[in-house]
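Take a look at the structures below.
Each of the next two complexes has chain A plus one more chain, namely chain B in the first and chain C in the second.
Let's look at the complex of A and B:
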């Protein structure tokens, strides 16, 4: 009796799980579906297979500018956030200082703040200070929201770091700089790479902050949004979305792979999020 | 006697380390001799690891001075000191293999790759790990990690090797074996070893000299035998092995020693060697006697210098030995008596009346 009841519950759970997945991912699957569909109207039934929308992308100059802008923003954001994140993660793991908990909480706050609030909150002082909006203001906004992710990823690497390894290196005659280069860096490197990849991905597809804080140069998501007003452009946007989707998945998988490798190197059980997110 | 010379290699003078208002070390004075195996022994929190880290250069004393090989160490960082450490966690670099771990320190010196490889192989041979150079760090067992850590320190040819509880992570069998090996290795290479441990047995087995530390101070510094035979204070006596304490009162002091009345055993004159140099008769209230210095006499009247009546209240059987708890008729706390289980001697049950034999020369008087 009990056994069959449990089996029934298990069946319903799997139905629920499948339904959940369909709701979550079906719209995403529509993207590549219409990207390869030979019709300007995004509707079923599908007509023939085509790659012409990708050709259209290739020939759109404005798009190329947006891609360049986005790459610049995403790369800068990834580097700045990871440097800041690494410093904060090491400080949090290694040192005790007054007000550590509130300070760390404050740094992690953008993780839970609605982006629109962050965007508006940044826009107002930037305007007040008379700074002109540019890709640099976008980068500043993106660094703000990416740094918490970087800390979350890197703190597992730094927390698990046995300080006697550093001492052993010094004891064996190596300098502080040499110790950083030969011991610390190799051991946290996978975490650093993982952080770079995640921050890059977050920045690349971030819309709200980029929309509010950019000047005349638009990033890719902002460009896409602006193109949505023209129905004929829709299929090529679908094609662009497909490329971005594939790229994001590849980057995230890579990032997680690097993070797990970092944890494994230090002999830490690789939890999915490192305990912070 | 193992120490090759009596030349001092490390001088500690008035070494003090405070953390806020807490004294981790208070005015430590000691000289560690060249080539000796020296142990810092004490319970956790007694400051022994702090002292080792001060010698290694990971920390600086609040006041006082440390010199190694005649050179003052103030302001000299760990990477410039002629000491190398074997860490409690071994601190094997997880991303390097055994040879790279052992050769790590040599790369900071001006040596060719071939010279480093030769030195590494020599060091690995010293710790019985020939041919292990290519092993990854995570492929090593606990005992092997310990050996790699030791080889990594020895390959640097330091003046002093510092060992921070290096055997505490090993199981008992392996630990016993490593104690003997480590001691033999130290004697064959003749480098000064300083061992930090909380295990009194380990310190007794391995050391030439031991400094017993309590609450940031050295309570007694002596050879293992001296330390066991004549602990200066009650605290040292109960930390090293088992000691029976019996109430006693001062009677007289003369050239042949100090005479006391032991409540449970009677009057005895303790010879000068077992009496503190500075004696305050007013503070004498206790004597100490080791379990093996008391004997349970067989009924057929074994000869004994002195004897006392008592009854067995408990037994612990260890195979080769039996530890009896005996309440002496004269009063005081029950005493522990260890007896070797020789042929023809059966284990006495609780409640048995016994005659306890003892000798005057085994009694210790404390400061």
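Let's look at the complex of A and C:
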């Protein structure tokens, strides 16, 4: 009796979970529908299939500039954050020193800080010092919010690291740098690639900080924001969103694949949550 | 002696390795935050900044009705969003932890995918769904559930709550899932052997043990939502505007950055206080079972 009741509960739970997934995917699924829809209004019923909105994107010069800016910002952010994240993750995993917990806590703070606070905090000194806003100010802000993600991804890679490998290399006469290059780096490389991909994806999509800190060169999300006001631009924005969605999914699948490979190399089980929590 | 020296060297290495990242955080976050606080005590004098220390910005931020309204509304909306997000997410996390045996990682991956699509476009798509001629209204009219398009679903606080609950879903599911995964399953069996039914077992064993995850989820969702200004702007209408919109206006059009800074600092203090209360309350609830 109790068993059948429990099976009933399990059934309701799975129905709920599936409904929840529909809720999660509802807006995402609309994206390609409207991107390929031959109508100037973004509404149902759908019209014919078309790829003209993608052609419009191809012909929009301002968009290309924004894409170039965003790629530059996202690439720089990914590299800087991963370098900073890797050294912090390694320091935290390998060494014991005073003040580790509070310092690490402070470095991870942007993870829970509202983005508008990070944006305002960077804007005030820039204004005070009379510096001009540019893509570099955006990068500075993005590195701040991406480094904690990088640390979260890489700390599991460094924590699972077997220090006897490192000792063996040193005993066999390798220098510290050589050990790092030839022993440590290859083992954590997949984690590094995963961190690069995640930071790239976060930076590419980040809006609030970019909105506050861009000068005349806008990034892609800031460009999208400026276009959302014009109803006629919406179908092409849907097409752009579809491309971004496809790109993010590819990057994420790659990042996940590298993260698992990193874990496998060290003979540990990859945590299912991606090390983010 | 040698051991102490060894430890010192280790500490030095660790600190050296951490110093670039710590230095960056210090220079780009700590110093700027201190500057924002200082700034909030200054005054905007047309194009110049008057650096005489004054509490005027705070007096204005705390007494002007408009700022008070926005502040309380932000807090209220964020709390409702957080409650809705966590309540909706808990069963999913529970399902994943206790009922999914194969392909857990795939489920988690599928949960995070929508979160990685452009935030702006996602919020905008809710506008498309909830609008007067939107997807939802069209569908409901078609089926015959309603005769006139629903208007209470867009451009108000409800739309903000729904959109944010959607946007922050994975952040609520993951911490709760992790907490549930950590629960020693033999404790549940023990509760059952001692005569607890499924409901009692859930309330007395599972829920208290999942509390750290629930609290983490609550804080992870609550803190950033107070500072969101995209969702209120796109789907909130005038009734759904929040404090971050006002901060943005002060730094932009209104050209009163010191007041903006005071509003930012005030909202951070309020959010921090609320978070602390939630954290302590959660600790007390979770501590009971230990």
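Please note the rule applied: the second predicted complex is superposed on the first by the 273 of 277 C-alpha atoms of A that agree within 3 Å, B and C clash if a C-alpha of one lies under 4 Å from a C-alpha of the other, contacts with A are read in each partner's own complex, and residues count from 1 in each chain.
One rule holds for everything that comes next: a residue touches a chain if its C-beta (ideal position, glycine included) is under 8 Å from a C-beta of that chain, and two chains touch if they have at least 3 such contacts.
None of these values were measured; they are calculated from a predicted model.
When the shared chain is aligned, no partner comes close enough to touch A:35: not chain B, not chain C.
Judged by the touch definition given at the top, the superposed model places A:186 against chain B, while chain C stays out of reach. Residue contacts after overlaying the shared chain place A:172 against chain B, while chain C stays out of touching range. Looking at the shared chain after the overlay, A:154 reaches neither chain B nor chain C. Judged by the number of chain A residues each one touches, C leads among chain B and chain C.
Of the two partner chains placed by the overlay, only chain B lies in contact with A:162; chain C stays clear of it.
With both structures placed on the common chain, the touch criterion links A:197 to neither chain B nor chain C. In the superposition on chain A, A:21 makes contact with chain C only, while chain B stays out of contact range.
By the touch rule above, chain B contacts chain A in their complex via residues 56-58, 77-80, 83-85, 87-89, 91, 93-95, 104-105, 108-109, 138, 152, 156.
Against chain B, in their complex, chain A makes its touches with residues 162, 164-165, 167-175, 178, 182-183, 186-187, 265-267.
Residues of chain C touching chain A in their complex: 7, 10-15, 17-18, 20-22, 24-25, 28-33, 35-36, 39, 49, 88, 91-92, 94-96, 99, 104-105, 108-114, 116-122, 124-126, 128-129, 131, 133-135, 138-139, 166, 169, 174-175, 177-178, 198, 216, 219-220, 223-224, 226-230, 234, 244, 247-248, 251, 257, 260-261, 264, 268, 271. By the touch criterion given at the top, residues 2, 5-6, 9-10, 13-14, 16-17, 20-21, 23-28, 30-31, 34, 41-45, 83-85, 87-88, 90-92, 94-98, 100, 103-104, 106-107, 109-110, 112-118, 120-125, 127-128, 140-141, 143-144, 147, 151, 201, 205, 207-208, 212, 221, 224-225, 228, 237-238, 240-241, 244-245, 248-249, 252, 256, 270, 272-274, 276-277 of chain A touch chain C in their complex.
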